[in-house]
Each structure stands twice: as C-alpha cells, then as structure tokens.
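Look for subunit A in each of the two complexes below; its partner is subunit B in the first and subunit C in the second.
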Partner chain A sequence: MANDVQLSDIVKDVASSFDSTFASNWWSNVLEHLSGRKLFYVILGISAFVVFAAAAVGLDAMNIGYRTAYGVTREIPWGVLIGAYVFFVVTSTGLCIVSSIGHVFGVQEFMPIAKRSVFLAIVTILAGFTVIFFDIENPFRMALYNVISPNLTSNIWWMGTLYGAYMFFMIVEFILLLVGSHKYAMYAGLLGLISGVSAHSNLGGIFGMLHARPYWYGPFMPIYFIASAMMSGCAAIIFFTYLGYKINNEKMDKPMERALQAVGKLATLLIAILMFFYTWKIITGLVGDPSEVAAFKAELAGPYAVNFWGFEVAMGMVIPFILFLRSKFRNIGMMFVASTLMIIGIFMMRYDLVVVGQIVPSFYELGVKEYSSLLPYHPTFHEIMIVVGGMGIVAMTFLLGERVFQGHKSEIH
Partner chain B sequence: MKFIVSRTTVSLTENRKPCEEAAEEELTPLDYRTVRSMEEAKKKVWYKDWLEGGVNHRVEDGMVVCDKKTKERQWVVDIATLEELLLFQNKYSEIEIAGSAPFKETSREIKILGPQRK
Partner chain C sequence: MKPGGIDLDNLKRDDAPPSGVERREFMKIGLVITGVFAGGTLLSVASNIRRAFASPEDVYKNYPYKPHYSMVIRQDRCIDCERCKQACRITNHVPEYGYRTRILEKDVPGAIGQKREFIPVLCNQCNNPPCVRACPTKASYKDKTTGIIMIEYKKCIGCKTCVLACPYNARYFDDERHAVDKCNFCFDTRLSKGEKLTACAAICPAHARVFGDLSDPASEVYQLVHQIVKPVWVMRPEVGTKPNVFYMKG
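What follows is the complex of A and B.
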C-alpha cells in the first residue's frame, strides 16, 4: 500500500540509486576530460595562475602590512592562515603515517600507496610552509634565528626544527624510492615518521600548553592531532589515488583496490575514534571554566554552529562514515565521495579549532565591560587568496607529479 | 598455472623468499588504460609515455593495453593441479587466492597468511 511507504525505504532507494545519479555521471565526464591532453594542461595552467596570483597578493600583503591586509587583531592573532597551515601539515603527517604502515613496517596491503603518498606528503608540507610564510612578519629572520639563537623551551622552535627535519627525510625517502633503493628508503621513512609524529604532536602541544586558552589547554590536543592527522591522511590517499587513476585512465589493479579498501577501513575506524574524542571534549568542555563554556557554546549553538554541525560533524565525519560503511569498502567511487567530503570538513575543523580558541576574550571571566562578548574575526581577501594559493600548489604539483612520475608505480611486492 | 606468491608482511631490508617453492622470475606487467580505442588513447595526456613504455599495443576487454618493456621481478610458484594447491595449503595452513597486478604470465596471487619463520 502506498501509505505504508516508510521514510527509511525512501532513504534506502535514494542511497541505492546513488551510483546512477546525474551528479555521478557528470563527475565521471569531468574526470574523463581531465585526462584529455588539452584540458589537463588547461587545469595545470589555471593552478599555476592561482599560485602566481596568490603569491602576488601575499607580497602585496607584506608591502601594505599584515595589520592592514589581514583580519587578525591583537586579540585574535591567529586566523585562517594558521588554520590552513595546520590543515596542510596535518594532511602531510597523516599521509606519512598511513603510508608508513606499508613501506616502513612492511604490511603488504598498504604497499601500493607508498610512492604517491610520500610525494603528496612533501607537496602538502610545502603548501603549509608557503601559507605560514605569509603569516610570519619576517620569515627569513625566523629561519636565521632558528639556527643561531635556538630557544629549546619554545614549542614553536621545536615545530620549525622538527618539520624541517621531517621534510628533509621525506624528500630523501622519495628520491630513494624513485631510484629503487627500498632498504634505505625504509630507514629514511622511519626517520621521517619519527620526526613527523614528534613535530605534529608538538604542534598539538603548542595549542595544548596555552593556559590562557581553556578551549585548547590540556593533554587532549597532541593526541587529537595525531589521530586526526591519520584520518586526514586516509582521506587524502583515497582522494588523490582515485583522481590519479582517472587522470591516467589506468585500470585499478587488485592490489591497489585492496590497499584503498584497507585505507577506507582505517578511515572509518578513525572517524569513529574522532567522534568519540569530540563527544568527550564537548562534554568536559561544557563543565569547564566560564570562558571555555562560552567557546563551546559559540561552536555548538552560536556563530560557529553551521561550521561545526554542517562541515565538521556532517561533512567531516557522519556522512563519510555512512558512505564508507555503505560502500562496503568495495565501491571506490563512493569512498572517493566520502573522502572529498572529509577533506572539506577537515579544513573547517582546523579553521574552527584555531579561531574558536581565541574568540573568547582573555578577560572574559573578570567581567571587563569592553571584553564581555565574543571577539569577531573574518578572513580578508588577502588571507583567502593565500589559502587558495596553498591549494593551488597542491593541485599543480599533484598534476605535475602524475605526469612526471607516471602514476607513482610502486615496485615493492 | 603460475601464481605470484606473497606474505602479509614483507621485509624491506632483504628480498626474502616467501616460501620454499617460490622462484624469482621476471614477469611482464600489462598496462591497461580505460579508453575504448587507440584513437581515443591518442588524445590523452599519457599516450606518448604509454606508447613508448610498452610493446604489442592492442584493444582487449574494451580497454587498450600493452606489455610493458620494463619487466618486474616477482616470487612465483607453479601449481598445476587442485591436488597440488591443496598440498600447498596443507603445508602453509592458511592461504588466500586473490587477483594480482596484471602480468602477461599471470594475474593470480597466493597470499600465505601465517607468519614466516626464518
């Protein structure tokens, strides 16, 4: 009977027809064209133009002064550029950690993803460095004083040093993988992994050791950073591998399919862990200091609620979780959609993490009249362009990498 | 019939034989591209590399394919009958037969799931 149609049946029908929708056909046409000669170079050219335009805007920001060009203030000194930097370096570390399961620890299932992942780990960390280059008032002085006047008690000194070491080892590893020296590549990968995990948990420590910001303070951050890095890495591996195969029109062989299935399962587990982390972070946060409660309220039901529920929770975790399960880890196309949503959601996670931690004024609990409400922050054109430039770097080098390294084939079996 | 033979974990520091019966052989990888004809392939960005990297370019199963010039060394076992396969399974306890990367000589793989003793 028509009246007996349940909402769950409709949802099932819609979900089962997912593969044959107009959107998926349209998307496969886009991918079909992407591997065409002209369009490939057009997209590569657009990416290069975006990088060039972003560099010009970044230099303009340097020229007119960051205070004028950026939306950051004395009260909110870390804006979208720091959020984007965290996003890129988190993705890089995640790519390194997940791919190391294969090429450092020898788990054969993960072996086929090694080369592309290491390459992308280098690309994303470079994008991160580029973005933060435009956030630091004098980046050259930072590089110089990092060497001649190190402050060993500063987390930020450790961050620069450890990420520098991480990038060096990853580049060495990639070169060794290219020349087929797998034994030494494994050692370089192990050193890259150790420095990457140290650098990344230290980055979590930068937030977690700030007493004045209760939203961040505590041992949660370093652990959260590593877990969420792995989740980002899984999403990036599925996303870029799928695109890489489409660009090269390659038929995905069974070992690569199995590798992506394993990565998909790991991603699902990590999403579940992250949801668990989030739940307890919120529950404990809501019984914390008044300023911590204010930050969480802003995130859950205030000006950042759309970011949180729409992007972080729905796009970043819940929908991908359902899609992964629904794909049964066999429908790689559906896993690609899930990873695309995750990447968008994760970007917003980083942005919110950085900004929401600062919107509650430091003197909030003292009842100072000027600081009784949440502080505003809106990214400016300059900031947005630099972030887009970082994405352009990833897109451009990814496309070039697919062309130059011909699909990043791995010979380790 | 030839099967590529592998373990669930591999040593990256040495090229260890996955089982007693395995012999290392040079196999010819097949490079499949998901376009229907050579004419379509010619329009693609990868065409030149694909053409120069292989021989015997042809259309097969609705895709273009070639034999790659660069061979790959793989551990292989030769199993002719079901009895031999069962004996192999008996010896190594848990095995799994799966599809491998496509080679001219084989596209099947036997994975030995148990731990390897040195």
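What follows is the complex of A and C.
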C-alpha cells in the first residue's frame, strides 16, 4: 500500500530505475517499472503532488489577479490556458466519437476500447473545465447568468451548456456500462455523442464566427475541430490503452489488439485528412487580406515556424503517419510511440490555433505606428503550472481508474 | 459654390489663371476624393453612407434609436494633446492599465507637407455589434433607446470573447469592476445627467470629436454625415458592423 512505501524506498526505486535505464533497453525498462506496484504509487503520488501544487499556483493567480499573474493582454486575452482547454476538450470529444463507433453504432472491432474511452472522456473534460475555471474571471457568475440570462446567439453559451449536457450523459453512460446495462448505455452514449459533437463544433464556432479575425473566421473551424477531435481521440485511445495494460502488467488479448489496430488505421486516415485540411487552409490563407497573410507568414516562416513545422507538422502528423504505416498496424509499441508524438504535436496545434489568431492587431491594416508589427505573448509560470496541473489531473485519474476499475475490462456484448 | 473654400468659377476663367493657393486647394480635393488622404478605409463620396449602413434607407428614413448617438471624428483636426483620454479616464474611472479611447499615430513619410496624422479611436457603438452577439450572458447589450453598447457589469463572466470579437480593440478587462469595460459615450456619467456631450468631445480643443444625434437634422453630426462634398468613412467596413463613429477630414 501507499503508506507502506518509505521515502527512501521510493528514492532507491527511482534511482535503480535510472541505473537500469542506461544499462540496457531503457524503454522496456521504464515500462517494466511502470507495472511494478511501487512505481505505480510513485507516479500516482507525483501526479497528485502536481495537481496540488498547480491548485496552489492557481489560487495564487486568483489572489494577485490574472492581469498580473498571466501573460495575456488586452490585445491577446486568450493564452495557453485557452489552448490547453481546447486541447483537453478536443481529446474528450475525440474519445467519445471514436469509441462510439463501437458501443453506439455496433462495430464489433471497436467494442473493447469503450469503457476506458468513456472514462477518459470524462476525465479529460474535467481537466478542461478545471483549466478554464482559472481563465474565466468570474466563473461563479457563469453558473448563474448562463441560466437566468442566456444569449442564444452566443457560441460560448451553447458550448458551455452543451458541454455540461455532454458530461452528464457521459457519466450516465459510464455508470450504465459499469452496471452492465448496455442497451441504456448505448442511448446515453448516443446522447453524449450528439451533445459532444454539437458542443465541440460550437467551440470551433467561437473562433469561426469572429468575423473581425480573418485567421479564424469561416466555416473551417467547426469542421476542423471535429476532424481533429477524432484524430486526437485515436491517439489518446492508443496511448492510454497501451499504458493501461503496462500498468496492470497484463498482456493484451486478441480483441483488444484488433481494436487498437482498427483505431490505428482510423488515426492514419485522419492524419491524412488533417494534412489535406491544413494544406488548403494555408493556401487560401496566403491569398487573404493582409492581416490574414501576416498571421500565416508568422506561422510558416516567422516566430511560430518551429511550433508549426517541428511540433504540428512533424510530431503531430508526418512522423506518426510514417510510424503507423511502418507498424503495419501490428506493432502496437510503435503505434504507441506514434500516438505519444501526436499528442505532443496536437497540444501545440491548439496553442498555435489560439495564439496565432490574435498576434495580428485589429488595426494592422490601418498602418498606424502602434499596430505595425505582430503582438507578443509569452505564457507565465502561473499559466504553465495550471496547464501542467490539468495534465496531472488526467494522469492521476487515469492511474486511479486503472486500479479502481481493474483495467476497464468488463465485457461488452 | 465654394467647396473646400475655393472659388471654382474662378478656375474656369481663361484671363485669370488660378492662384497657386487655389490650384493646391483644387488638387487637394482631388486627392481627398480619390482617397489618398484617407486614414481608414475610404468609402467613395457617392456611397459613403451606403457602405456604412445596410441600406440608404437606414440612414434617411429609419434611425433605429432616438436619440441615435453618434460621433464624427474630424481626423485632421486632432493634435494628439490627449486631453480626451485624460477626461475619459477621470470621468469614467478608467484604470491606468486600460483605456476607453486612445489616439493612434500614423506616419506618412512620402506625404507633401504634414507627414503625420492622428487617429482617435473608441467604441464604434455598432448597429451590428459582434461583441453583443458573442456575449454568453447578455452582459453586453445594445441599449434600445440610445443605441449605445452597454455592459451590465454584474453579468460579465470574464470570458473575454467580446474583447476578441470587437474589430476596434475597444474593450478591456477592468479588475476594479470585475468585468469587461468599454466606452458608453459617458452615458452613466454625463448624458443621463443632462449633459449634451461626452467628456472627450467636450474637452477637445480642436473640435475634432463632434458628438450628437444622428437622427436629428439640427445636430452637427447629422449635417456632417449627410453632406456629400467631403468623404466620410468608417473603420473596417469589411466586417459589416455598421459603426456609429464616422471619420472625415476638412
């Protein structure tokens, strides 16, 4: 048990894991240790500590005021917290969509991933809500005035309301899956899927309907958000399922292997679709008005070029695409590496999507001194810690989930 | 007729060639009409109203608001003394890190004579306000009587979507009010107390900010916007916001 573990043991354990790390094949060693009981609790403890520390930093930010604590400005009011929020809810929606192929639409191959995916969809949306809680200045007013003073033309209102419904349906579905009531779980899953897709396309709509922002404006955003959610969902399913089996120190059975192979194929297809989307977004953007062109130039060859080519394109899409093909969808380990890279790249996609949309000033085309160049944004320690805290929530709850629900393995028929 | 203060009839007389001053003035009119001097997006003289509003009827027949508060900024008159900013700050308790109005500076190195101009900016009190559409809780709303975009501070959740929705960078989050804040034409601080002008218009020594009722033919803003001799334009007309802040020169 956790309280039996002495600090010295933990240190020894970590140290020995580092020794053997460089002794032989470090990767399989790390995974071996991950399955060991002690290290499981060490990682759980670290994630709990991260969540605790992040909460303290978040409360400190509240105390000193977000204007001081965060790097956001009048011109760039949305920073890395919104990027991370989008990242978490995209992952959640993706988990919901991809897993629904099995447990809602009845494709047998996708059945084994259902329970873990639904659980993680709830976990990631909670992480997203936690992060945005520390971004919105008056979150408690939201609870009241969303209900008594709704603006039905506002995407934010729809997103908040639909994501609330989404989380409710997903929790209901998870409980029904736990008690084995698969027929009703299917209905709850369907409602969750509908509200999730609506909520998520509304999140795209928040950006896509800001007609003062040419980088975002247009029907592309809601469509792109759904497609990239599915891509994120595939990556998350492979990533967490693989880790789940390592943690529980179990060998994957055939149906689960086949499920991951199917998810891998879907991931590859979606990467191809996303690359196609990206290509046309860039080509059309480069012939847009001057402020749109300026944003795309910043992304392709300016201050965001490393983020774009290194993280978004190489790590997020091209390398995983090659790895998936090379794995022939049989080498699950290679697919896991591809998914890990994808998740890192996708995080940067969300960050860039949010920030690059704001770096070109509103009055850029007016030709005035004040707004003649791109605006800077740098995340602060407070912002980064809150994002790390969101990841800590996912890590901690995922680990607990693997133990509490014993690898999410009850059969679905 | 003396548009721009020059005698056009005199230009036609062969025996009396136009003086240098008159020739320069005449050239200036041409440049104004072709938009060389326009700081914002120039709307051609004939269609200036049409571009700013949905249809000419909006302007000539139906003003949705009464009084339809509006401001005309006579851009070439601004000398960047920033008294408007100061008056706004004091009147409306604007914190030092924020502003409801500011003056932008534009250098035109290739211009003949004056090479710098100042462009005052503020909330455009749009007839089609993107900020109001974006607000989830109706904290931002367009006042049904005056057309002023107002904020009910207690409803603001601080999501800042309106800040991004605004094409004019007119909004900021005010820590003291715990809400997004913006120009409301001094409605709570002056207009509702019987004053006729906003603080910035009242203090401007150059009469660069003309404030009034766009639906009242007696009002100066009405007269400036409805004439067709001098071009009138609005900021970022491509966004389709139908602003109630107009710009002109001369």
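The rule we apply is simple: the second predicted complex is superposed on the first by the 387 of 413 C-alpha atoms of A that agree within 3 Å, B and C clash if a C-alpha of one lies under 4 Å from a C-alpha of the other, contacts with A are read in each partner's own complex, and residues count from 1 in each chain.
Please note the rule applied: a contact is a pair of C-beta atoms (placed from the backbone, for glycine too) under 8 Å apart; a residue touches a chain by one contact, two chains touch by 3 or more.
Computed from a predicted structure; not experimentally measured.
For the composite obtained by superposing both complexes on subunit A, the positions of subunit B and subunit C are free of clash and fit together.
When the two complexes are overlaid on their common chain A, residue A:F363 makes contact with subunit C while staying clear of subunit B. Judged by the touch definition given at the top, the superposed model places A:R213 against subunit C, while subunit B stays out of reach. Residue contacts after overlaying the shared chain place A:N138 against subunit C, while subunit B stays out of touching range.
Contacts of A:H103 after superposition on the shared chain: subunit B is touched, whereas subunit C is not. Between subunit B and subunit C, C contacts the larger number of subunit A residues. In the superposition on chain A, A:G333 makes contact with neither subunit B nor subunit C.
In the superposition on chain A, A:G205 contacts neither subunit B nor subunit C. Using the contact criterion defined above for the overlaid structures, shared-chain residue A:M186 touches subunit B, although it does not reach subunit C. Once both complexes are placed on a shared chain A, the shortest Cα to Cα gap between subunit B and subunit C comes to 38 Å.
Note: no residue of subunit A belongs to the subunit B contact set and to the subunit C contact set alike, using the contact criterion stated above.
Those residues of subunit A whose C-beta lies close enough to touch subunit B in the complex are 35-37, 40-41, 103-109, 111, 182-183, 185-186, 247-251, 253-256, 258, 403, 406, 411-413. By the touch rule above, subunit A contacts subunit C in their complex via residues 65, 67, 74-75, 77-78, 136-139, 141-142, 145-146, 149-151, 153-157, 160, 206, 209-213, 289, 358, 361-363, 366-371. Only residues 39-40, 97-98, 104-107, 119, 121, 130, 133-139, 154-161, 163-169, 171-173, 175, 178-179, 235-236, 238-240 of subunit C touch subunit A when the two sit together in their complex. Interface residues of subunit B facing subunit A in the complex, by the touch rule stated above, are 4, 6-14, 31-35, 41, 43-47, 49, 53, 63, 72, 74-75, 98-102, 107, 109, 111.
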